[in-house]
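What follows is a set of notes on a single structure, which appears directly below.
For reference, chains read A, B, C and D in written order, and residue numbers begin at 1 within each chain.
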Amino acid sequence: MNSTSPIHITHEPLDVGRVGELVQHPGAGAIATFVGTTRDHTGDRRVLRLEYEAYRPMADEQLQRVADEMLDQWDLTGVAIHHRLGRLEIGEASLVVAVSSAHRQAAFEACHFSIDRIKQIVPIWKKEFFVGGEVWVGSQEDFNPLGAHEVAAER
Amino acid sequence: MLVTVVFLASYREIAGTATARIALAAGSTISELVAQVCAQFPGLPDSERIVAAVNNEYREPDYILDDGDEVALIPPVSGGS
Amino acid sequence: MNSTSPIHITHEPLDVGRVGELVQHPGAGAIATFVGTTRDHTGDRRVLRLEYEAYRPMADEQLQRVADEMLDQWDLTGVAIHHRLGRLEIGEASLVVAVSSAHRQAAFEACHFSIDRIKQIVPIWKKEFFVGGEVWVGSQEDFNPLGAHEVAAER
Amino acid sequence: MLVTVVFLASYREIAGTATARIALAAGSTISELVAQVCAQFPGLPDSERIVAAVNNEYREPDYILDDGDEVALIPPVSGGS
């Protein structure tokens, strides 16, 4: 597994353009891309940096499961998901998802689904470092590893 | 039987360790393991709220454990962005 | 107006990475990008190439209007929309939209909205060249220059 | 009064010209112009379906034209992808 793999978890900086190239296809009419970046605030608190930690190889397997669910539910010509681990400075990309399809609706829906689904099932955690403190982020509401995933048609 | 419990992210910081070997009666479930772990490592959430993966697969609380299983306690995840 | 402008219509090939860079912002947590590419088929017909034509400067003004509507409706940290004109070969990008925001939902919704809205109001037309024929594309159903735009909350 | 009609994309191919100068009675509306243009350039769609922009702004069919206006007839657009 390296940066040319469609599913990739790495401590190296993510290459957004590269991830997009991985889903190019002559039958594609649309490429939807999502880049999650480290923002300088959460609510009112100023964020200094982040750290991401994964439970591997389960995180790799669950990320592949997200991609498989996307390919099952939509007619896609390509899916790539790269996730960064370790220490990230403000502005750096933690996640890049690229999805290609013949028609834009499928690419958009699948891309959006992937982000929500990653937050439901993929064992990766983010720690935010503030001035004077740090906190593990995680939402009991979103976390849904045992439930069925939502039906795509809702979007 | 013995299982290996893996503490991750916030749970690791609360437990003060990344792993623990736990002795259980044969036929014990995830629920029973988690209740025992919560008693042993104060500060973890309510045991009913803790989700577990056995050998890298999410499992329901009534899942019956085997000797040698790796049981990861999975805090609410926050990957992505 | 050149490739560093957030709103840009050009005969030059589009630079996807560049458009994404135009929306980077320290307060951004998400960048949603859409790339429209020339696909090798429409229905059962094999497409050889495309041509895009614009009515300018009205197309530039309407593209700016799409961006303004996005900024009005969502809390965004950046919007860039680049549209290609002229002859495009299979696989080339005709449209790149990049949207950044603190939270992913806004970026996704605004990005998706922009594509739909471009097809409602921006005077740009696509001609598809097939083996043995050519056709101007355009949907009477989508075209909606005089109507109010849809309410964002539906998505 | 005189207005300049601009034919775009498929309409240009149907009309066989990119522009035409059309003489109209003062106070004429877009509807009246379009009906006249459709009679003069056969093959254009039903005149009620044709959308017009006057001096780069979309306008309703009952919009009253001025001398010198540039009236673009806008086929259904297909930008994007």
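In the analysis below, a contact is a pair of C-beta atoms (placed from the backbone, for glycine too) under 8 Å apart; a residue touches a chain by one contact, two chains touch by 3 or more.
What you see is a predicted model, and the numbers here were worked out from it, not measured in a lab.
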Message = Counting only Cα atoms for the centres, state how far subunit B is from subunit D in Å.
response = 71
Query = Between subunit A and subunit D, what's the gap in Å when you average each chain's C-alpha atoms?
reply = 48
Request  = List the centre-to-centre spacing of subunit A and subunit C in whole Å, with centres computed as mean CA coordinates.
outcome  = 23
Task = Would you give the residues of subunit B that are in contact with at least 2 other chains, written as numbers and ranges?
result = 80-81
Query = Mind pulling the subunit C residues that touch 2 or more other chains?
reply = 29-30, 35-38, 104, 115
Key: Chain-level touch network, classified as line, ring, star, complete or other   = other
Task = Let me know each pair of chains that touch one another.
result = A-B, A-C, A-D, B-C, C-D
Query = Which subunit B residues qualify as touching subunit A in the complex?
reply = 6, 8-10, 13, 49, 51, 53, 56-58, 60, 72, 74-81
Request  = Would you mind writing out the residues of subunit A in touch with subunit B in their complex?
outcome  = 35-38, 52-55, 57-59, 61, 83, 94-95, 115, 118-127, 136-140, 142-143, 145-146
Ask   = Can you name the residues of subunit C that touch subunit A in the complex?
value = 16-17, 20, 24, 26-41, 90-91, 100, 102, 104, 107-108, 111-112, 115, 155
Subunit B residues touching subunit C - in the complex, by the definition given at the top = 80-81
Task = Quick one: which bits of subunit C touch subunit B in the complex? Just the residue numbers, please.
result = 29-30, 104
